[in-house]
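Chains here go by letter, A, B and C, matching the order in which they are written, and residues are numbered from 1 within each.
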Amino acid sequence: MRLLSIELYKIFKRPRTYISFGIVTATALIFQLAMMSGGREFFKFGMQNITEQFDVQGSIINGYLVAYLILQSLLIQIPLLVALVAGDALAGEANMGTLRLVLTKPITRVQLVMIKFIASSVYTVALIVWLAVVALFLSLLIFGAGDMINLKSETFVMLLKDDVMWRYICAFGFACLAMTTIASLSLFLSAFADNSIGPIISTMGIVVVLTILSNLELPLFDAINPYLFTKHMIGWKGFFDNPVPYAAIGKSALVLVVYTVGFLGGTTFYFNKKDINS
Amino acid sequence: MRRFWLLVLALLFLQGSVYAYDAEQLYYKLRDKVLLVKDYTADVKMKVDITYMRIPMLQGKLYFKAPNKMRMERKGGISILPRKNVNLTLNNLIPNGKVTVIDAGIGTINGKAVRILKVIPEDEASGIVLSKIWIDETAMLALRTETTTQNEGTVIMDLEFGKFLKYSLPDKVTITMDVKEYKLPKGITMDYSEVTPSAAKDEKVKNKKGVIEIHYLSYAVNTGLSDAVFKGEEE
Amino acid sequence: MATIIETRDLSKSFKNVDAVSGLSFSILKGDVYGFLGQNGAGKSTTMRMLLGLIYPNSGQIFINGTEFNNSRRYLLQHIGAIIERPDMYGYLSGWKNLEIFAALSRQQIPAARLHAVLEQVGLKGREKDKVKTYSQGMKQRLGIAIALVHEPDLLILDEPTNGLDPQGIADMRELIVSLSREHGKTVLVSSHLLHEIEQVATRMLVIHKGKKIVEGAVKDLLHPDETLVEVVIMKDATIAGKLAGTQWQQHLQASTDTGLTFKLNSKYIPELSKWLVMNGAGIMEIRTKHSLEDYFLSLTNDEVTKHRTV
C-alpha cells in the first residue's frame, strides 16, 4: 500500500500526467462547442436516411448524444493517453536512471511490475472518471438530458431519457476494463524499452493497426478477428443497444481480462529476467 | 344451389342498387364526417416496428389540426412520425378537393362487411396517386386505407374503433409502410458488432415493411388548438 | 574478520563480449574495499551483479554467507548503493526523493533521520528545491544521502567522486573513511583513479577486461618490493650488457642507452647505485615511484592479463 501510494504520488506529481486530463477536457469542449453551433447540420447528415421518410422531432442534440459522440471520437486518443503513463512506467524510470536505484531497494521486480500496473490502472480509471465528468456531465449541463439516438451502421437505436444513465455507468465501467488492457499492453512494451517513446508509439501503432484490421472485416482476417482485443475494446457501445447484447459484452470482457492477464504475465516474466543496464 | 344464390348476390352487389349510397356519395359522406374533427389532442402510445429501428414504446401527446398539421410531443423527448405527406391522420390519406371515385366492390375486415372505394385525386400536389378505402357503411367509418403516394410508396392504415366512436376517432391505428434501406458506413459508426445470426440477416433483407402502431388513450376534440402548438423543432 | 561479500567465479557476458569473467574476491567486514579498473573494465557490471540488477551467467554471490539470489530482498535492506550517475526524480524535491527511497527501503525511518543525513552530506537548506535544479555534485550528495538513510551495513559506491569538485572529492573521501572507522560500515568503492582508492581503501582489487589482476591489502600492494626505480645515466651502451648474470638483472624492467628501470625494494637503492657507479655508469638522477599508479597503469596499459596475487 505504501509502495502504491509512492507510485501514485510520482505519477500525479508529474506535469505530463495532466496533459492527458487537459487533452480530454479540450476535446470534450471543442466537441461541445462544435455541437452547439453545428450539431444539427452534422447530425442531419447521419440521419439523412431516416429523415427522408420520418419526421424526427424533439431535442436530438442533447447531453447524452453529445457525450456518446465525444466518447466515440476519443476511441483512438484515450489509448494514447493511457500509454503516455503506462508506457512510461518502467521505461521512463529506466530512461531517468531511477530504475536501478529503485531496484537496489528491497522490493522484488514482480512487486514493482504489479505496483506499476495498479498505479497505471488507477490513473486510467481517474482519466475515465474525468472523461465522464467533462464528456457526460458537462454535456448534460450544457445540452440537457433527453432521449438518445444511437446511429449504428445498420440500426437506428433510440433510448428513452430515463433509460440512459445506467448505460453510461456500465459503459464507463467497461471502458475502464478496456483501457486497463491498454495499460497492461503499454506496461508490457515498457518492460522492453529504455525510453518511454518506444512503448507509447508502439502501443498506438498496435491499437491503430488492429483497429483497422477489425474494421476491415476481410475474410482473410476472419479467423483472427474475434481474438483481436481492439474489437472487444468498443464493447462499451453494446450498452447503448436495445436489447443490450450481454452475452457478447461478457465475452468481450473476458477476452480483455485474458489479454490483460497475459500482458501482465509477460511483463513479469520478461522484466524478472531482464538485466538492468540503464 | 348455393352457388346460384351466391351469383345472384354478387349480381345484386354489382348493380349497386342495394346500397344506401353510390360510391361517390359514400366517399363524400365519409369525408364530411372525417372533416368534422377540426383538431384533437390525444394521449398516445406508439410502437414502432421497423427492422432497422430499435425504438422503445413511445408515450406522448399527439396534436392534430385539420387539414394537415400534426405533432407528437414527448415532454422534451424525441418523437418519430412518418413524414408529413403520409401523415398518420386520415384527413391526409383521404384526398381533398375534387376526386374521382371508383367503386371497387365489397370485402370484409375483421369479419365486418365493408365497401371498397378507389379514389383518385385530381390535384396532384397532394402527392397521392391513388387511395383505396375500406368503409364500414353502417357506422360510416374507414377501417382501412391503402394510399399509394408518388414518393413514399404505399401506406396501409388500419383503424380500430371502440371507446371513441362518438367522434369517429380510432382507438388504434396501425400503419404499414414501405421502408427504405438504412445503412451508414461502418468506418463512421465503428460498430461494436455482436454476431448477427444469418437467419436474422435474411429476414432483414426480405422484410422491408415498417409497422407503426398508435394506441389512443384519450382524446380532447375540437378544442381550437392554435397553430403555435405545431411550431416545434423540426428534424 | 567475517566475510561480508564473497563472489565465486562470477562471469557475465553481453552479446559475446565478456564483461566479467571468472571473478572471485571477498570483502571483509569493516573493509573499505577499493575496486580499481579503467572505464569498461567490468566494475559497474560486477557491482550491478552484487545488487541483483544484472544476473550473472555463472558463478555465485554470497552476502553475509547467504546466497544472494535466495534472499535478495532481505539482503538489500542492509545495503545502500550508488550505481554510476545519481539519477533521481528531477521533478520532485530533494526531500521528496529522499523520502521515497527511504520508504522503499522498507523501514520506518523518522523525519529526524532524513534531516540528519541531509546535514551529513551537506544538502541542508536545499532539500526543498527540485532535483532538476541541483548541480551534479549536489545530486551525488543526495545519492549518498539516499544510500545512507536507512543505515545500511554495506555501502556499494560506484565512482562516488564523479562530477564532484575538489572540495567535494575531499569531503567524499573523508565521509568514506569516517563511515568505515567511526560507524563500522563496510564500503565497496570503485574508481578508475588509483590515488582515490589509495587514499581511502584498506583492501583493493584491480580489474581489467573483466578479469581480476590483483587483489590484496593496499599496504601490501604498496610494499617497497614494488617500487619502480628509474636511473638516468650518461649515455652508455655497455651498461645493460654488464647487468647480465648479476642479481640486478631480475629486477630490470627496461633499459636504454640513457636510462634503466628496476622494480625492487627501495632498501636496495644504495646498493644498486653503488654497483652502477663501480661499473662505470655516470648517474645523473635516480627517481622512485611508490604509488600504485604506475603499477596499475603498467598492468593495464600493457594489457597484462596474468593473474597475480600478493
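Basically, a residue touches a chain if its C-beta (ideal position, glycine included) is under 8 Å from a C-beta of that chain, and two chains touch if they have at least 3 such contacts.
Worth saying up front: this structure is predicted, and the values here are computed from it rather than measured.
The most central chain, judged by C-alpha centres against the centre of all protein C-alpha atoms, is A. Chains A-B form the pair with the most C-beta pairs in contact.
Ranked by separation of Cα centres from chain B, the top chain is C. Centre to centre, using the average C-alpha position, chain A and chain B are separated by 47 Å. Chain B and chain C have Cα centroids lying 99 Å from one another.
Mean C-alpha position of chain A lies 52 Å from that of chain C.
Every residue of chain A that touches chain B in the complex is listed here, in rising order: 40, 44, 46-47, 49-60, 72, 75, 144, 146-147, 149, 151-161, 163, 215, 217, 234-238, 241-242, 245, 247-248, 252.
Only residues 2-3, 6, 9-10, 13-15, 96-98, 100-108, 273, 275-277 of chain A touch chain C when the two sit together in their complex. Residues 52-56, 58, 71-74, 76-84, 152, 177, 179-192, 194-195, 204, 232-235 of chain B are the ones that touch chain A when the two sit in their complex. Across the complex, chain C meets chain A through its residues 14, 48, 51-55, 72-77, 79, 81, 83-92, 96, 100-101, 103-106, 143, 146, 156.
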